[in-house]
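Note that chain A is present in both complexes that follow, paired respectively with chain B and with chain C.
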Partner chain A sequence: MELLEFARGPALMWSLIIFCFGVAWRLVGILLLRRKPDLSEARSRATLWGGIRTVFSRIWVRKEFQSRTAYGAALGYVFHIGLAIVVLLFVPHILFIKDLTGLSWGGLPNGVIYATGVITLIALIIIMIRRLTHPVLKLLSNFDDYFSWVVTTAPLLTGLLATAHLGARYETLLGLHILSVELFLVWFPFGKLMHAILFAVSRGTTGALLERKGAAT
Partner chain B sequence: MTDNMTLGERLARQGISRRTFLKFCASMASLMAMPPSMAAEMAEKLAGIRRLSVIWLSFQECTGCTESITRSHSPTLEGLLFDAISLDYHHTLQAASGTAAEHARAQAMQDNAGKYLLIVDGSIPTGEGGVYSTIAGISNHDMLVDSAKGAMAIVSVGTCAAFGGIPKANPNPTGAVAVSDIIKDKPIINVPGCPPIATVMTGVIAHVLTLGTIPDLDELGRPKVFFGDSIHDRCYRRPFYDQGKFAKSFDDEGARNGWCLYELGCKGPTTYNACATTKWNGGVSFPIESGHGCLGCSEPDFWDKGSFYRPLSTGEWGSGEILATGAAAGAAIGIGAALAARKRQDSITGGK
Partner chain C sequence: MSPADVNKEHPLETKAPRLSIKKPQARYDKQGEMPDSERVEIAMKNFVRDFGAHVATYMESCIHCGMCAEACHYYVQTGDPKYTPIWKLEPFKQAYKREMGPFAIFYRMLGLKRKVTVEELEEWQELIYDSCTVCGRCTLICPMGIDIAALVAQARHGMFQAGLVPHELWAVAERAHREGSPLGATPKVFKERIEWLADDHEIEIPVDKEQADVIISMSSIEIMKYPESIVATAKVLNALKQNWTIRLDGYEATNFGLLSGNSQWQKETSMKIIDAAVKCGARLLILPECGHAYGALRWQGANMFGKPLPFKVVHISEFLAENLNSGLLKVKKVSKSVTFHDPCQISRRGGATQAGRDVLKALGADLREMSPTGNLNWCCGGGGGVITIHRADNLRYKVFEIKMKQVNDANAEMLVTTCSNCRQTFDDGQAHFKWDKTANSLLEMVADNLVEG
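Up next, the complex of A and B:
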């Protein structure tokens, strides 16, 4: 079996099974945890609205912190938005998602995707350099942070290499690209990448609690 | 069937002018990505060569490869090359049959030992002692081994001979294998395709004739000059791929406008062949130009690589039921973990 066949066949199936298994495990496990009882009198009953509002309001950095966090936040925006464009608006990716879910939408011209991919890759590299050189970030980082960066960057890098036919034949690079995405899927539920789903859960919970206390922002 | 007349003498006798012959050599040199100066050298060598003995063995095949190469005959100039070779054995094309045909093969092998070119099309069945395909009572395996002994080189024509092809497709009932799976001590040039392009076949023969060497081959044993680029990279529809314009069915607006066939399962990005540049039938067209995606027929095991009509970026990921089962198993473990956490909380707080 060739590399590409393996990547498109058994490796894809098992990575998706592990992804679904892991996401369900972590999500159900967290959602069913017992909540701490709050015995104080509620100042607001609109906790659901407060939770939903917080999910979106905290997308933006608060003014008070902007001067200190603007650089890191901007880099974060660039690579998150870049990844979203590359993953969701490249036609071959849309076809993959359509095959999996039945959902599809229009894509962007490849040139736009390639340029976005390069910008995203540069942002990811700067982010890693910053993590390695910033004294506080360095202290806070562990294996999960570095490995999550690797499995996020690898699909982007291999995708760009496959597009440019750099380093190996196209089918080999395509096989490596798909395998790197599969590594991402396998790691996703068990590391910090799960924040892509849990950010809404944690922000929503925090927002609901603050709303109840009358301290929602 | 062989004679001592050179090709130059033979062409002159047939009234082919030197100018026409030089034009042919220039086009062949261009086709094989040789420098323009090679055209004159090629003409000189071709004109001076004597007919090369060729033995063509047809095994588990459909005769499509032979049909294809005969299209390089009259009226195209590629047909001239057949004046440069002596086709001493070929089931479909030879006049002789039965014992006489086998005698012709044995005679050619004896007269040209170490100097003849062996061309093979079709895969070789190895199951049940090779009984699935025999010629004159000889199994394909034994005939190949016997004929290969005195050959200067072997050209595996078509995907069946080069990689096993359709006979080797799952479940491979005859135990079909490629020539290179059996012969290990001779140079083998793979010219895959289902069938291969006539010009590519004659181009390879021209290379062997003129340079006396085996052309540069890729890791699958294919001549790089013809199989160096993917169909996708040389496809005239490539700009539409780059613009994100795709035909979504064979009769929609995109198809009528000639947009990229990637969404319809075209395997051009992972297929290496000269279809997009050399084209077929004297350069008239090729499958993509006719509105159908590339099947990837010059690649190993192309028949077993999933549907021809599913895009390359999709995969064989199982089914929704399999993924749902995975998610259900994960949810069950999540419930168990949450219950264990609650129990632990109770044990710490005493249930308060």
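Up next, the complex of A and C:
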């Protein structure tokens, strides 16, 4: 079996199965734990609204904190937005998703995607240098942080190489690109990549609990 | 350790300017005798005992972005990465993933997370107690919305049961449990104080009424160090012609069970007040100028009681604000500029940020806010029981420098707050730095400016 064939066939299927099962397992493992009722008299009953509001409000850093967090936050925005553009608005990706799900939407010109990809890659490299050198990040970091970076950066790098036809046959590069995405999917439920889903649960929980007290969310 | 041993080994300094004990030496403190492995096991068991979906969500969500460090006064002032708030939970995160998380079985089978050691917990004692006031600023910066302050409080449950609490905090909590008050404000002492204050100020302070609409509680810091608060409360309630009382069977709002991490002692302390309020048929419990008492009774009281409380619970600043806003309470205008220190547990964590400001508005004060202020105001550095821990003094003074700068920059004639623990932290900082600012009580400011009738 050719690498590309393998990547598009069984590897894709299994990675999606592990992804779906792993995500469900982790979510169920958290959400099914008991929730003690809070018997104190609520100051605000709008807990649902508090939760939803916090899911969105934490996209931005509060102005009081901005002077100390601007650099790290800016890097975060660049690579998250960059990845979203490259993944969701590159025409071949849209066609791939259409094959898989039947859903489709308009894309951006290839040139814009390439430029975005390069900027995102640079941001990711700076982020890793920062993680390796910043005293706080160095202390906090573990295998998950480094491996999650590898499985996030690899698809971007192989994708850029494939589009530029650099380093190997196009089919081989494309096969590696798809395999790297599958590695991302397989790792997703087990490490910090899961924050792409958990951010809503965690922010929503705190938003609802603090809203109940009428406290700052 | 018997109570007699405790008193001998950790004598309390009741005449000191702040709550403390005389011999705060050992670097890593331990209470009780037990093998190290048992300590670790008990710590983790009690950490996860109250575990629910909320805490598990937080444990699963950290992305190690390090932003919480930038909100923490300890990190900001020292630049030491170990003070990063989420790092303070590291052994507990590790234990959660190994023992409880959805993939715990893999972590154990593959040896991906090793067991936490007692040495680690000893090292973390400083991070969980000395260098966290549970002020909750980190909770507001976390991009994942993790309530880190709540996790630290949870970790303290484990540390207490494992006998890994800083001695001073432990001894004070133990004394509170044994005598009913951490500072020796026993019913007898309190009663004598009330009689003395009532005589001295020629004011009526009702005690032990069988039936009352309003019951008040006090913090031992107020009873022993700022007794004027009792008089001020009486003046306000008498001016409002309230049917109110102090009950000697339930008045102590200071809750060292909560601060040290002993939930049983926390419950005992809270239940005394709750039972007293129920007995006299109160419809309102007024909490004193004390930050953590607000968390303990306003937000956790009903959960200790096991059902909704049959009375309302308000902080004294909320009570003042309500009665000033409605016009029932009248005050003279003060022509002074004032800056307001937000007690973390009342403002940021408690939701009563506006109350103090409403009171200052009614007083006609020229409010000069600190920067940042309100929900993002900096902690004084003495909350969470930290003020009792001597070995943390130098660190506490370091973080107090932020507060001094904030106050100085506000350039107001007067500094007021609504927490006696903050006040004693300010007093201590003032003495240490020979600073010219004193933190005043908002309640006393109102009482001093009451318009009778």
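As a working rule, the second predicted complex is superposed on the first by the 213 of 217 C-alpha atoms of A that agree within 3 Å, B and C clash if a C-alpha of one lies under 4 Å from a C-alpha of the other, contacts with A are read in each partner's own complex, and residues count from 1 in each chain.
Note that a residue touches a chain if its C-beta (ideal position, glycine included) is under 8 Å from a C-beta of that chain, and two chains touch if they have at least 3 such contacts.
What you see is a predicted model, and the numbers here were worked out from it, not measured in a lab.
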| item | value |
| --- | --- |
| Contacts of A:P135 with chain B and chain C, given as first, second, both or neither | second |
| First, second, both or neither for A:E41, with chain B first and chain C second | second |
| First (chain B), second (chain C), both or neither touched by A:L100 | first |
| First, second, both or neither for A:I81, with chain B first and chain C second | neither |
| Which of chain B and chain C A:V91 touches, first, second, both or neither | first |
| Which superposed partner A:L12 touches (first chain B, second chain C, both, neither) | first |
| First (chain B), second (chain C), both or neither touched by A:K192 | second |
| Residue contacts with chain A in the superposition, chain B compared against chain C | C |
| First, second, both or neither for A:W25, with chain B first and chain C second | both |
| Which superposed partner A:F65 touches (first chain B, second chain C, both, neither) | second |
| Touching both chain B and chain C, residues of chain A | 25-26, 28-34 |
| Residue ranges of chain B touching chain A (in the complex, touch as defined) | 230, 232-233, 241-244, 246, 262-263, 269-270, 300-301, 305-306, 310-318, 322-324, 326-331, 333-335, 337-339, 341-342, 345 |
| Residues of chain A that touch chain B when the two form their complex | 2, 4-5, 7-9, 12-13, 16-18, 20-34, 91-93, 95-96, 99-100, 107-111, 165, 170-171, 174, 178 |
| List of chain A residues in touch with chain C within their complex | 25-26, 28-36, 38-41, 43, 54-55, 58, 61-62, 64-65, 68-69, 72-73, 76, 134-142, 144-145, 190, 192, 194-195, 198-199, 201-207, 209-210, 213-216 |
| In the complex, chain C residues that touch chain A | 50-54, 56-58, 60-67, 69-71, 75-76, 79, 81-82, 84, 86-87, 101-103, 106, 139-147, 298-303, 305-309, 312-313, 348-353, 372, 374-376 |
